[in-house]
Amino acid sequence: MAGKSGRTIAATPQTGLKQKLLSLEGALVIIFILINVFGRVLSPNYNLSNVMRESPRYLAEIFMLFGMGFILVLGDIDISVGSIVCLSATIGCLTSNAGLPMGLAILITLLTGLCCGMINGFIATRFTELPTMIVTLGTQIIFRGIAEVSLGSGGSASLKDYEGIGILRAKVGPIPLAFFLIIICAVIFVIVLSRTTFGRHLYAIGSSKTAAQYAGVEVQKIRFFCFTLIGFLAGICGLFILASTYGANTTTGQGFEMEVIAMCVFGGIATTGGKGNLVGAFIASLVIVCLRIALGQINMNTQLILVIIGAMLIISVLVPSFRQRFLTLKKK
Amino acid sequence: MKKKVISVLLCVAMATGILAGCAAVPTATAPAADAAPAEEAAADEAAPAAEGAGTFAIVTKSAGNPFMDRLGTGFEEVIKAAGGEVVRKDPESATADAQIAVIQSLISQGVDTIAISANDANALISVCNEARDAGIKVLTLDSDVDPSARALFCNQAGVEAVGQQLIDAVYDLTGGEGQYAILSATSQATNQNAWIDAMKAISEGDDKYSKIELVEVAYGDDEPQKSTDQTQALLQNYPDLKVICAPTTVGIAAAAKVLQDQKSSVKLTGLGLPSEMAEYIGDDDAHSCPYMFLWNPIDLGRLAGYASLALYNGEITGAVGDTFEAATLESSPYTVVDNGAGTEVILGPPFKFDPSNIDEWKEVY
Amino acid sequence: MEKKSLWKKITASREASLVIVLIVMLIVISIFSPSFLSPTNLGQIFRNNTLTMLMALGMLCVMLTAGIDISITSTLAFAGMGIGLLQKYDVIHNTLLLFIIGALIGLACGFLNGLIIAKGKIAPIICTMGFMYIWRGMAYVISNNNWASGQDVSGFSDFGKDGSPGPYIILVIAYVVFFIVMKWTKFGRSIYAVGSNPEAAQISGIKVDRVMIAVYTIMGLLSGLAGVLSVSIYASAQPNMQYGKEMDVIAACVIGGVSMSGGRGSVVGTFLGALIISIIAKALPLVGIDAIAQNLIKGVIIVFVVILNVITQRTMDRQNLLRREM
Amino acid sequence: MAEDLILELKGITKIFPGVKALDNVQFQLRRGEIHALMGENGAGKSTFIKVITGVHAAEEGHMYLNGQEVHFKGTQDAGAAGIAAVYQIPTSYMELTVTENIFIGHEIMKNGIIQWREMNKKAEELLARLHANFKVTEEVGALTIAQQQMVEIAKALSTDAKIIILDEPTAALTANESEELYRIVDELHEQGVSVIFISHRMEDMYRLAQRVTVFRDSRYIDTFDVDKITDKDLIKAMVGREITDMYPKPKVQIGQEIFKIENFSRLGYFKDVSLSVRAGEIVGLTGLVGAGRTETFQCVCGIEKPDSGRVFMNGKEVRIRKPKDAMEAGIILLPEDRRRQGLIMSWSLCDNVTLPIIEKLSKNNFIDHKKEYELSRNYLESVDTKAVSIFDKASTLSGGNQQKVVVAKALAQDHMKVVVMDEPTKGVDVGAKAEIYGIMGELAQKGYGIILISSEMPEILGMSDRIYVMCQGRVTGCLDREEVTQEKILELAMDQSGREVS
């Protein structure tokens, strides 16, 4: 069937669109550079080895960033990840203390995260009427509750034998192992989201669940998978927390969910789904980490740092919104 | 193709970002393994700035807590007097996790000593060891970490002494027999758990206390609302309850308010801030708390300050038997003792606040 | 026929199913703790949860417009800390004036939220997340590591004292006012309209932006009020007060049948939802559950009730279909 | 001329960012007349209506009401002036009751308190006037589309409007529901209300209007007396060219049976539905809205789960559990609601077309963009989509072109055997309609089996080889092209015998 009227349609990508997409990441890179320069100017101790040494605590969180990116692109949200971190670290610690070999304990830690994610996914896909915010709000309390019960009175457990897990703290030069893992994860997840059919399906679901379903995308299966995935990543985070604190307590991972969501949003992923990419989110996470380290080194009031991050979050979403409106006005 | 070029450019830009930011010449040019000496160099640089007197850090449990604030006040006073530089850090929340970030930052700054009031005894072990590896003297005050990870613990009062004093207060207020309950902070609060264990051990070990019965340990999580719920539940579940003992500043204030508002006959004692509790301390039935205990947090901060200085100057190493002077404190000099698990110095017995002295102290802290 | 429609009304109403859940809960609790239903205890349930119940009303409005506000407890802390300090430093001791100031602080915070969400077209969860950090941080900063304690707020705390009718009066007034406003005024209905179908509301001449701003401002006002009440009830102002409790408020609304996608929810449902949350908080220590397991149980109950809601709805739908089949 | 004009607009120009939506448009409405407003999609009719009702403010032009110039700042001004509109986009509040929907924005108040009892009473009166058979306390979300439409009309009536504007009121209605609507409009006419209505259906215009105004490409073309105009002239005025054959049904050699469903049932929706399609055959499926046509094929295609039912392709049973299974079996559904179900409106045309087959356009799960662009362009061109680039967003196209994209999306699935088109011309203008029928014919020629689900009698009669009629969830009859008449279909569609107790 050839076009009857002989109309042709252009099929070369417009560069304008791409530039638009690029601008956010570009801006983030510039901010990243600026923050590093300022960090260097403000604090004499802001250098590679120090930043790298301070980073593991934040790097553990960044593992979850990728999963959260997927979840947000789907148009869902998961606010239970902080509790999953707590529960998986707790279970890992307790099983290791119970005499299991470290390898097995590590495996159990990851599996705990995976199972928590599966529970979230199960409820979210079985009861699609429920907003995932509510589902994960409930499981957030439950997962931490289980951790509290397992930790018992005292609410804290420490690894009896932390030789084995020490491998996770290994460093290559000044750069911690976690950093390499993060880079590998970043490459994999960015490619999966931007280049593969799976990524395309994620955006389809996030843009319109109904249309995606009609187009043969297995919406619920993918949602289930993503919740499981973020659970697993939270397990990894829990593992690194376990490695860096030699233990777990009831406050482990508290507030991580909001920090991770904030990083994603700062990187341009919309909570309404279907928009944004992980490149932006990843750079944004580095920006926030560097900012926190730099401000920490000049001994700024920690609460004031949170105020700054809150303000940055709002501004980062306000600016594109107003820019859009400004552009349309100009066009008019 | 274009996209690839752009990605490469992005990577390069970011790499330059890191390098530009971390423009410390040694790290940028020398192999990464040389980073450690560079760090020491940075620390050395910092030292002359304080004219040889060093930089001393104190890490509290959380921001927005007057008790913690007064620890810092005392600490600062002593260090400033000695010509040292003080770094005060309040973590963003009352978690070990937040403290780790803060301590890491202090390591970067190359401070000379860090005094920590720990939110979790175990979670800080590795970061404390890291600090010590970097040549920083680590000590704790108020709330200890695992003894293996620090040089010295500045204890406000011996655990035994606190336990003894609390159980005696309970004994006194019950009149020698009857039920009492404990309202604690969170279930993982190190101090509270140690004191409660001590109370239990003492009462079990001595026939004198055989007639007073501990009915429940409730946890108010240091939240006013939950502490209120828990206090009310205690009153309701145990109608014969005579005394509540709350060894936590938030819990005792919340419990005091509940008891006083309800005009309950149940009496309260424990550990509390005079400024918070002034409203509730009194001998008559209109007040819920006849007396309570606490140590002077400013003095504790001072003690930690002196200990930090002594550690920095090499006067002490934190070993048992070490002695150091604390000019502005009454019981100076202090001697390091062994508490069974590690080494500590003890400020002194807890101070008793009763109607006679509360008005004087409520203005102080 | 009449009877049947009455039965239908009961089964079709979410409120009725909530009442059933409540009754079952009360029976179970009473078995473990017979004194639970005593007047003092019931009074305490309301008093201890005044804040949750009060803020749930604002959250109802916000959620009716398909929004969410997670900055409420930060606003609460900011306002509460503000008026606490005013007393601590002996600036103002007049109870009424303090209430007005606290409410105004909350109102201003809420207005800012609403303005950014409505005019900046920003997802409410993001905007309020930003302010969650900001107001909480500001509460810490202004506190300067001090609390306003019992003696500082001594006269003022009489208002929220156990036995004082203050908190009850505020709660009753708030619920009555909201019940009337939401059902019988143009403004109340326009909130529903905006949540149900914003484009249509725009066409019907409703100023959607203004309604959005108003809704967040109300939420802020109630949070500010809750901050003042908190100081009054607990006789203490601390910068970390009610940390994380926004989730309780949201849970209360959801349990009460307020839809997160907007347009559906009622004051009565919200009240019942808040009551269920309050009873859980109050009953768990009473029925002798180990303190450590209380959070776990609370979470399980929340998830259970929420899923029960869905299952009830599904059964109802299925019954409707069956009826259609006949 | 001393015409009694109730409403007159002159020289209206409205500009949206980047587009001139109305260009120097004029319009005259006589008192008490029913005036049709016609034109292709994108001709500016809906924008024009919104200018009248004060939703949009025109950049230029004057509006006179009863000879007086008026400036509306908002819908409330228009409402106060006696103008009410029933919009094309769903303006119902699904979660609210009928009464509320009717009175939103102009509630009956006393001392600032809404008078629910009085409002319910008034609403009942209004519904009685429209012969509606539902309660005022029901939630609108629980009503059928036709009933929702009635609520919208009641809403317009509730303001005591002198001018009522109906924007495509019959688009979602079946034949006899439309009949009901005509009756209502007639009644309004008798009561002296002036009516403007927009519609794509010629029959609406002939049945109701006295005069018709045509817009094209944001411009005013002409106003005709309905009595003096022919289809041909009107279409020419609307499209700008002549359309010779509206239903270009080619002669096709009908082949073997390729698709059959047996005993499809779903509680509350449909029961025991069986039908078959042969290669090259266009099978019509009609009935009233709510008869279960759409729901049946949602189940066949795996969107919903049926209680029972079997599907056969070329005589072999296939099991369909999810949409993908149906696609792999070669059954492609073009859903009814293309904005929600058919397309992702915020996506580019290219991405939309390739979404179902993206796995086949990738190597080791990596998308091959070159292949993707090429393929989507080919298919989009093959259905003659009016678009500048394959990277245009779907939301920027008109309804007809969106439908073509949906068709291209189906065609891209090269193993397609049977295509189910659910209301393919709903909300599509005349020109694009004819093109879609043309595509349908070509598909039949290529040997695909086509199921055309439609409520529009002319297209069912014009395009189908065989017609199944459904009523209340059952197939009540199957008519051949030769024997079919409109009456026979209506009879089957309202068949009462299917109403036995199960």
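Order as written gives the chain letters A, B, C and D; numbering starts at 1 within each chain.
Note that in this section a contact is a pair of C-beta atoms (placed from the backbone, for glycine too) under 8 Å apart; a residue touches a chain by one contact, two chains touch by 3 or more.
Note that the coordinates shown come from a computational prediction; the quantities given were computed from them, not determined experimentally.
The set of chains in contact with subunit C as well as subunit D comprises A.
When the interfaces A-B and A-C are ranked by how many C-beta pairs touch across them, A-B comes first. The chain with its C-alpha centre at the largest distance from the centre of subunit B is D.
If each chain is reduced to the centroid of its CA atoms, subunit A and subunit B end up 33 Å from each other. Separation between the centroids of subunit B and subunit D, computed from CA atoms only, is 71 Å. In this assembly, the C-alpha centroid of subunit A lies 30 Å from the C-alpha centroid of subunit C.
Centroid to centroid, with C-alpha atoms defining each point, subunit B and subunit C lie 35 Å apart. Under the contact definition stated at the top, the residues of subunit B that touch 2 or more other chains are 63-64, 90, 93-94, 187. Within subunit D, no positions touching two or more other chains are listed. Taken residue by residue, subunit A touches two or more other chains at 148, 151-153, 155, 301, 303, 305-306, whereas all remaining positions touch fewer.
Here the chains touching each other pair up as A-B, A-C, A-D, B-C, C-D. The residues of subunit A lying in touch with subunit B in their complex are 15, 18, 22, 25-26, 29, 32-33, 35-37, 39-40, 43-51, 53-54, 57-58, 148, 151-158, 162, 169, 172-175, 241, 244-255, 279, 283, 286, 290, 292-293, 296-297, 299, 301-303, 305-306. Per the touch definition, subunit C reaches subunit D in the complex via residues 180, 183-186, 189-190, 192-193, 195-197, 199-206, 259, 262-264, 318, 320-322, 324-326.
In the complex of the two chains, the subunit D residues touching subunit C come out as 53, 55, 74-76, 79, 85, 87, 89-96, 100, 104-105, 107, 109, 112-114, 116, 267-269, 271, 501-502. Interface residues of subunit C, counted against subunit A in their complex, comprise 68, 116, 120-123, 125-127, 129-134, 136-138, 140-141, 239, 247, 250-251, 254, 260-261, 292-300, 302-303, 306-307, 310, 313. Against subunit A, the residues of subunit B that register as touching in their complex are 2-3, 6, 10, 13-14, 16-18, 20-24, 27-28, 31-33, 35-36, 38-39, 42, 45-46, 63-64, 87-98, 100-102, 104-105, 107-110, 119-127, 130, 146, 186-190, 193.
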